[in-house]
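Next up: the structures, one after another.
Heads up, the next two complexes both have chain A, just with different partners, chain B and then chain C.
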Partner chain A sequence: MPKKTADFKWLLYVCAGAVGLYLLLPLLMIILTSISMGTATKFPPEGLTLEWYGKLADQKQFLQAFLNSIAASAGAVALALVAGTLAALAIIQYPFRGSGVLRAFFMSPMVMPKITLGVAYLILFSKMHIAGGLFALILGEAVIVFPFVLSIVGSAMANLNAAHREAAADLGAGPLRIFFTITLPQLRLSLLLAGSIAFVFTFDQVETALLILRQGSYTLPIQLFLYMEKWQDPTVAVVSVVLIAFALTLFWAIKLVIRSAPGIENLLGGGQDERRS
Partner chain B sequence: MSDGQGAIAIETRHAVKRYAGNTAVDQVSLQVKRGEFVSLLGPSGCGKTTLLRLLGGLEQPDEGTVLLSGKDVSGIPAYGRNSNMIFQQLALFPHMDVYNNIAYGLKVRKVAKEEIKRRVHEMLELVQLGDYSRRSVSQLSGGQAQRVAIARALINKPEVLLLDEPLSALDMQLRLDMQRELKRIQRDFGGTFIFVTHDQSEAMNMSDRIGVMRGGKLLQYAAPDEIYERPADSFVAKFIGDTNLLQVKVLGTEQDLVSVDCFGSMFQIRQSKGLAPFQAGSLRPLSIRYEYVRLGEAASRSANRFEGRVIESVYGGASIRYTIDIGGRFQLQASALYQRGDIRYNVGDMLHIGFNPEDGLLLNDDSSGKGEAAL
Partner chain C sequence: MMRTTSRIVGLFTYGNGNRPWAAQLLLLLPAIALMGVVYLGGLLIFGRYSFDLYNNGSLVRDWNGQAYRAFLTDPYYWTLIGTTFRVAAKVTFWSLLLAYPLAYCMAGLRRPGLKQTLLLLTFLPLLVSAVVRSYGWQLLLSRQGFMNWLFIHLGVTDSGFDMMYNETGVVIALVHIFLPFMVFPLLNVLSQSDNQLKAAAHDLGAGKWRTFFTITFPLSARGIASGVQIVFTLCLTAFTTPQLIGGGRVMTLPVFIYQRTLDTNWPMAAVASLFLFVSSIAVSLIVNKGADWLMFRRTRQGRI
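Our next item is the complex of A and B:
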């Protein structure tokens, strides 16, 4: 048997290589474009240069937009993490009549067309006189990423061993203390995971941001979009490459956090730990 | 009584707990003296764990009361009671090391750091895990995890320690070691232990008193020897130790000897003290312990004698268990002590069988059929 599988291993490599290439090709093109000469985005490039990277420093609107994006995403994620964890707590640990319906309702922003939500927010936030600012965006985005938190943290919470909470209660801990010393620490990894996914998701959200935001509080995707409408130079590609670098850094940072916290991986896997304890 | 120094550590009075129409605990009244080691024994689903959870405050009774040191604690949740529990799955906190697991109960009570440190190390000494304080919980073996769970539960100096089948996941040898260990800890610690188990030998090994439960009811609550020698009914007789249960018809009572008819044979049974006289003509289960059935030579001195044919012989080292067919009418199990050189019967051998009037026990119930079905 092992011999037979070895014979066809090359096929696996070819397929995997093809898929990898398909996934990476657009990124490679962006990187190439970002270092191409000339004022128009052209492929293949006429020559290679780093001058567009230098010029990016002058484009202050991109830095501002980047900071706006970070602030909006961070705010939305923080809001969604708190609300999502509390919602999961209610639905999973204190099930009540209609908790299933509530869960489905909380998950619904996932399937709702974002542009519809955007229009709805525009109307609502205009009435509240907060439309146009980042605060409005944070409120809107939090609702959109809320389902990620609810589903990831919720399923992790459902896998927690209820006996741990009982043991803590038996040792004298009240419900609040149990939440902070038993439940929450065991959800660390899921919170990190849900937070990262939600952050990445909100970071390049266009639809709602496009409708809600006004000049001055544009986020990076909007700024890029607007820039591309006017200019064809490789600046957009340069910004994209910087974003890719940013995403990779974030990814490695998270990996590092996970690795530096021993046992945290077990918590997500859970199975083995639960049997033992 | 309310000063916590009374003789009764924990008590339930007519406690009832129902789940979705099922009565898990049915009118149970149980008193446990301070310093006693009590086992709650019964098949799975008999309500013993629910009763333990009622005692610990993890469940609240629908009716009746729970008293801890004479104080009514019904309605007070687990975190308000000075009793601690060791869970079946131990439930050690996986995100904490051994030290923090054990220290948890003290931290909750906001004990000073130095004091926590001292007491955790005291506890680690008690359970003989001196060097393990910084170990992660996932690195512990079954027996070590067991000890950590015990230390964690005892650190609050509970008035009562509740143990929910904590040994059931261990292999046989470790289990026997932990049984001894638990007894030692109880001696050193001097607390009241209530131990839930479905293993009758575990209960016999460790307990001062055993409560046998079935279908939510506490059938009998007595010292191990009393339960073994004078079981309250056929279920208890069958559950604690091995016994033959035969359906017999009472013929009459003469002085303290009861004559019964058992599938056509006449037997004399000594009337047990304290039981109401048996009505002639009534049907009763007769219990004869395996080891009380005499074989061969020994049977000739017995008051009740008959003959039988060996149809099965199981070698068990120190003893041999025979299944004997009595003239095709009924079968008996007999367990005979065996040492090298003793007579050993083979399948097909005819032999004399007997038992003494005081070794048979007429039980005061007619639920033997139900009892066997439940096993």
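Our next item is the complex of A and C:
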């Protein structure tokens, strides 16, 4: 930074601070509402209480929805990781005629409006008679996170040293053995990274899940969404606080992974398009 | 038998630096099955419905362009498109206005601790579900919410503003949701920009503002373009926030598609979806080309 007079910097800090406050305000408001008295959500609250947290135990549907969310996200991420890594092995290691087109097709769910995909899934899965269940959601979400896996794992794979594989081949290792002893261990961090980004992303999916799922298989965001459309009591705030805490835990876990692996930032830098959900 | 076996094995082993096609196909099989059936299959079936006829709640199989005609000629749909683009434009404008100082501040910070905190602050909302964040804005913007309480106590208004169930509320909440997508590309270009250029401009007698407008701002054009492109397209296709904050009264295309799907008017939902998809691609291309053209023109004039 070149020399700046203090007043300009001060103004800049105030602006940045105000934007930071704007970013935090809704989250702070939710936390305040979750401990406020009375069923009406208004400011200032009538008093502070923890009774809503106690009542959460009676709301079995939220716990069920949370478990559904975990199952659906884990399934979708696992499916996308397997399919994505195998596809990257084919496309990145040995590009062939038309692999560019195929790759573009594989990446295209990123620009597809989610609501469009949701309606398409609804129609397709009702024709396949699997609409309403978690399996349908897993298939649908796997498509959405597939591009994340392909681009993160793919860019890591492109950076791998081919000499390692060739050395193993010269020593007589077969393709499967090379994959499991050379390629996979070298990819484990990017797989973890792709998996966690994809997990966070699927966990929040609304558009597709809202259209596919039926009562009993709702995921947490859907349960919240539908509850919010009917009621306005602090239960939503309490569940939201739990969700925020869950998100923070995931974030710290990811951060620890990134800390423990120097150089992984390059992977993120190599695939800036991932940020476009 | 031996020959068949060795042939099959041969299909899967390496030869002169190329992987045999059978192995390649096998590797691609899960991806092609998933993307071909669920993704492409779903979209094609959905697309086929755009040619059907919708008659008072029932669908008639047909090859008919009626839904397309209605969508392109009826002024009602043009109001929808107008609302969608207006909301997206407003959100993009405000995100850029808010994100730039934040990104500039973060890029200039020398203390890594503070920078990390700001980065975390920007990143944190991304991890929280859009439903939860929309709920937070419902709490803030409602008649009895914090914002109106603040405005009344500051003496800005006596009775409070209507900020829920209208475009203002949707824009405020959407800016919050998409701000990180504007900050990251800006931060990227701003932290890469060359401080020596700024120092040179300073030495040549340019003031702070002049340095900013002739050096920093043009150099960050790439970041602005990608931020605008991402935020605008995300906004065009945003559903959760317009639905929850707008309460059905702010009709954007995704909300419209959702409602048409619920009353099984799939032809109209399909046509609107196609329009949404095409327009988000078109916006990306236009912003990209526009930024290229602007930068190229500037370079040719030798101003960068």
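Note that in this section the second predicted complex is superposed on the first by the 232 of 277 C-alpha atoms of A that agree within 3 Å, B and C clash if a C-alpha of one lies under 4 Å from a C-alpha of the other, contacts with A are read in each partner's own complex, and residues count from 1 in each chain.
Methods note: a residue touches a chain if its C-beta (ideal position, glycine included) is under 8 Å from a C-beta of that chain, and two chains touch if they have at least 3 such contacts.
Keep in mind the model is a prediction, meaning the values are calculated, not measured.
Shared-chain residue A:161: touches chain B; no touch with chain C.
By the touch criterion defined above, A:169 lies against chain B and chain C together after alignment on the C-alpha atoms of chain A. Contact with neither chain B nor chain C is seen for A:62 once the two complexes are overlaid on the shared chain.
When the two structures are aligned on the shared chain, A:185 is found in touch with chain B, with no touch to chain C. When the shared chain is aligned, chain B comes close enough to touch A:177, but chain C does not. Ranking chain B and chain C by residues of chain A touched puts C first. When the two complexes are overlaid on their common chain A, residue A:52 makes contact with neither chain B nor chain C. Shared interface residues of chain A (contacting chain B in one complex, chain C in the other): 169, 174, 272, 275-277.
Considering their complex, residues 56-58, 77-79, 83-85, 87-95, 104-105, 108-109, 136-138, 140, 145, 152-153, 156 of chain B touch chain A.
The touching residues of chain A, counted against chain C in their complex, run 1-5, 8, 12-13, 15-16, 19-20, 22-27, 29-30, 33, 40-44, 79, 82-84, 86-87, 89-91, 93-94, 96, 102, 105-106, 109, 111-124, 127, 139-140, 142-143, 146, 150, 169, 174-175, 200, 203-204, 206-207, 210-211, 220-221, 224-225, 228-229, 236-237, 240, 243-244, 247-248, 250-251, 272, 275-277. Listing the residues of chain C that touch chain A in their complex gives 12-14, 18-19, 21, 23-24, 27-31, 34-35, 38-43, 45-46, 49, 98-99, 101-102, 104-106, 108, 110, 118, 121-125, 127-133, 135-140, 142, 144-146, 149, 176, 179, 181, 184-185, 188, 195, 198-199, 202, 208, 211, 226, 230, 233-234, 236-237, 239-240, 244, 254, 257-258, 261, 266, 269-270, 273, 276-277, 280-281, 284.
Across the complex, chain A meets chain B through its residues 161, 163-164, 166-174, 177, 181-182, 185-186, 188, 262-263, 266-267, 272-277.
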